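Chain naming follows the written order as A, B and C, and within any one chain the residues start at number 1.
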Amino acid sequence: MLSQFHVQTRSRNEWRCITDDIERIVRESGIGEGICVVFVPHTTAAVTINENADPDVPRDMVLALNTIAPDLDAFRHSEGNSSAHAKTALVGPSVSIIVHKGRLLLGTWQGIWFTEFDGPRTRTVYVRVLGDR
Amino acid sequence: MLSQFHVQTRSRNEWRCITDDIERIVRESGIGEGICVVFVPHTTAAVTINENADPDVPRDMVLALNTIAPDLDAFRHSEGNSSAHAKTALVGPSVSIIVHKGRLLLGTWQGIWFTEFDGPRTRTVYVRVLGDR
Amino acid sequence: MLSQFHVQTRSRNEWRCITDDIERIVRESGIGEGICVVFVPHTTAAVTINENADPDVPRDMVLALNTIAPDLDAFRHSEGNSSAHAKTALVGPSVSIIVHKGRLLLGTWQGIWFTEFDGPRTRTVYVRVLGDR
């Protein structure tokens, strides 16, 4: 099953939890045992999995990535958002999650995060659930 | 087929080779042609693929990641392990490997590494093998 | 369907667009709805997805990664290419892309990039397309 949904981001850099959206899609797919591929079709935003408990974690992650991949004077890309492209290369465009008994097999503290690096924008997320009923 | 196994890490930061565990699970799955998704259900540990020949490579990788994602004074997360969360975002929670003729299709020098960033802890790894016999 | 092809890189660090190669393999697979796993069987090269429009983007990404993961005096690996191994850990060995109506479901600006960190070399890329006709 293939699904998509939209995320409206509000800041230049923002981590938005999308676990509930993905969980709903897995449930609607009727797939019991398989995998779920979450794919972000953008070049200045990405997707990853990290703690979804203390809101200071996504806040610290924005700070960490700004520090790891800052704007560099030597960048030439005329849109001026090469640091956003670099963060995208570091975090990556897709994650694959195991589906078991019709649910995402996530750890206790894990959430799925849409990571915006050049917002605010209206973004799209694609989800493919693959496997058996 | 879905499997899991445990890894007991011994240091704060440690790369542990888990290729043999994954290879065994693929063999037991009976899948001949498909893919294998390795997933780490933690938020301060990850999984990747890198050289498994010279032990100085995983040693240098621990050093590289400590340098790339150090503790920052501005971090607020009260557990004090935000750098471990940042390393997890950089390395990622899952890898997908091709299965061919019932074996992992890895390159000559590649091994699969469980990467601990906040050990020592007892950790879990999930493995889904998908495909045809 | 499993396929492979070769990439001849020309520089120490180089981003080479391989979208057309992957698109051709997906078409030849006859798979209509599924996923495509692109896997790089090397330990000093990786694969990712990023903008394929302005050539300054891959140029800036080489610069960004050289800055993020430089050579460190404390590295011990005797081949002297630990920074290439570190870049590989950051970018990752595989990407999973959704296949829909027999095509890669990429965003408007996205291309698939083979990222060389220790060239020039002749490299291999493995591709598995999984799903239904």
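To be clear about the criterion, contacts are C-beta pairs under 8 Å (C-beta built on N, C-alpha and C of every residue); 3 or more make two chains touch, one makes a residue touch a chain.
Keep in mind that this is a model prediction, so the values were computed, not measured.
S.K.: Is it true that over half of the residue numbers where chain A touches chain C are used by both copies, so same, or is it different?
M.R.: The interface of chain A with chain C is built from mostly unshared positions.
S.K.: What rotation angle takes the CA atoms of chain A onto those of chain B? Round to the nearest 5 degrees.
M.R.: 120
S.K.: Using mean CA coordinates as chain centres, what's the chain A-chain C distance in Å?
M.R.: Chain centres of chain A and chain C, defined by C-alpha means, are spaced 19 Å apart.
S.K.: Where does chain C touch two or more other chains at once, residue-wise?
M.R.: 68, 90, 92, 96, 130
S.K.: Taking the touch rule as given, give the residues of chain C at its contact with chain A in the complex, in rising order.
M.R.: Touching chain A from chain C are residues 33-35, 48-51, 54, 56-57, 59-61, 63-65, 67-68, 90-92, 95-98, 100, 105-110, 115, 130-131.
S.K.: Spell out the residues on chain B that touch chain A in their complex, using ranges where they run on.
M.R.: The contact residues of chain B facing chain A are 2, 37, 39-43, 68-69, 72, 74-79, 82-83, 85-86, 88-90, 92-94, 96, 124, 126, 128, 130.
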